[in-house]
């Protein structure tokens, strides 16, 4: 112990980034979250090695509603389709769509909010009015209205759900740009003659990005839940394309006697969302150690 | 009278919001494809009949004209008729709204009534069994989709134990499980919010001042900490309400409650534009009004909020 | 200073530490202090010297499960506070021992009217009074601190910083305490307001004849307000004496000298201020010998090895090997 302490640098010598990483690594739940998330992603990515895509749709009436066994680890559904295969390939849609939604909302929101915050004045007023308007409609309803117009489809679902998130990101980015713009060190940088671009890249971005990344991670969890809820309601992704929510919905009638059909996909959603939430909480505590409770 | 003025001002501010929201919805929903008149009349109708109906519904006119006409009708409380079913949007809405509101209010009641005390208790007894327990429950509820929790509870309490009815609205027992499921997520965020807020507050200087005045810990918690810790939580209730109404769509679907949610889902699936339009506008108004009420409550709790400015 | 008045507060060899996840922070290390009736003691030291910790230890309001008194005694009018029950402490706090906190901006409850916050002290300690008597007392107190009683119903955010500190003082003094702990009561305020608040405290002190412990890092404030001074460094009293002994006496602790050199002077413009080099030792990792050794201009070999014994002359105490040596030579 004593020797270890000697070799350790004093805390003041670490850069801000190193400190954040250091605190994040020390957070046990966050590390569990990272582990779980890597596992889920890996399983989804190597799905073809575990089950060929054909098994997702291959019906096998003879082996319908088989309880979990060596051959079908998660059992089979009403049509004799392998539940494991459906969950693996369904996860691709659930997870990748969520990431796409967050990505789209993040980038668009950052552009809108950043522009509004940095330029201020009329641009700000107009952009924020639109954002306020979008925010006054509950996001689930907005998504449903968009789906009414566009119809079912994976990418249409992504579009519908990301529009509801853009407003939040735009607001967040704007307010952090606004607070940072008036900070003393930005003033100081301006006094030293730094260009606007340099100020944005060197000062505003590193200082403002933390909370936004944290919020993006935490939102990812709720977006995964939204996608599966939409799937459950039969909006967006339609059977026979597998998606975690659709899988539960299509097995609804059989859940009473074959509960594994509902429990297994549910647990998949839960573990994925939980891992994302752990990571988000860990990031929040790492970026802002004062908020740690 | 200050608050009355404020409430009126806020209500007036709701008008431009509603106008612009309807406009955006109108644009979005104008992308809905398909020949509406054909859909309404069926395959046997002649071309002339279809064109006539299109003209009658005003669908052959430009978007802006249709929008103005829609708003004009809406002003006279005419939100149009469903394209797929034979009913009036407003009439159907007024039949269904009570169920949705009842379930949503019960859900919020449950979420705040259970969530806030638990959150505050776990902050006071930080690192106790209660604290760890409620943190764990929060963690679970945050990662569980409501439809799954609903389905599983239905499986356990209704289909296996037969304590509660599976679906429908046959007795008061039908209104036990749906609010619990709908409120579960909000309850989790209430626990988390009030815990965090309480932990913030009990570290405040004025709490130490109150202790230095000779108040016992229990006294100070009761007279100083709780009220202050509730301020951010009350604001959160307003925000949660929007989410709760959105969640009601799922809950109503699981338990087959004939509220607005089931209406909306069917309308979205059959692309029944007037119904979707009407539903979203109504819910936006309701959420706006609820937020106004919550802001008024906030002003009551927090003297720093000045309604006049 | 010889004083035959009664001793109000006596602290002997007090050790306080904070136990955090990764370290033990030793905030107070063997502190001794005596306070007589009606005495105004200034407690001077840098940020982090353990001044506030000391005040919180006296009230036993150290952060729970973190702050801990590990050794020593605090005696208030003959009774030991370290072992006193919480129930007994409740009776003392706000009634016999009051505290004024550093930041008036945050030490008032934002959602309670200021009148109610002052009244609360009366309700807690004199519940037997009738409500008319209570109101009268509160009104009197408001007048005494210079705030019209008509503003009782207003909330803290409606007052300026100086006004808020007046209200805090009203809360602290309404029960006429025998001991008042004032933790940097003027630090957060403008200079002009500072003078007003000090004047008010002096006036009220005469009125109630409370003993006062004034915690500050401002030697000017001490010279103006106090009778006696204790200089605190790393949770120890390194020098104690009357104001005259400290500011005009011949011998000072090297740290006190350093502090005095840091006071800007209006009359003497030629001299540059001499800051004390270095920082206070990390309270998580205290050195073996004298805590000031690293920064001391007169540091000797012995300073790094062991703590000095206190040297005392006419009640002027100095904790430094320099005076140890002198003593040895004289003997």
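The chains carry the letters A, B and C, assigned in the order they are written, with residues numbered from 1 in each.
Here is the rule we go by: contacts are C-beta pairs under 8 Å (C-beta built on N, C-alpha and C of every residue); 3 or more make two chains touch, one makes a residue touch a chain.
Quantities reported herein were computed from a predicted structural model and do not represent experimental measurements.
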Task: If every step must land on a chain the current one touches, say how few steps get you from chain A to chain C.
output: 2
Task: Give the label of the chain whose average Cα location is farthest from that of chain A.
output: C
- request: Using the touch rule from the top, point out the two chains with the most contacting C-beta pairs.
  value: A-B
Whole-Å separation of chain centres (CA-atom averages), chain B against chain C: 54
Field: Chain centre separation in whole Å, for chain B relative to chain A (CA means)
entry: 23
Field: Interface residues, chain B side, partner chain A - complex
entry: 17, 20-21, 24-25, 28-33, 126, 139-140, 142-148, 151-152, 155, 159, 195-196, 199, 242-243, 245-247, 249-250, 253, 264-265, 267-269, 271-273, 276-277, 279-280, 283-284, 287-288
Message: Show me the residue ranges of chain C that touch chain B in the complex, using the header's touch definition.
response: 59, 61, 86, 90-95, 98-99, 101, 103, 106-113, 120-121, 124-125, 155, 157, 168, 171
Message: Per the contact definition, I'd like the list of chain A residues that touch chain B in the complex.
response: 129, 132-134, 136-142, 144-151, 221, 225, 228-229, 232-235, 245, 248-249, 252, 255-256, 259, 262-263, 266, 269-271, 273-274, 277, 293
- prompt: Within the complex, which stretch of chain B touches chain C?
  reply: 204-206, 208-216, 219, 223-224, 227-228, 231, 301-304
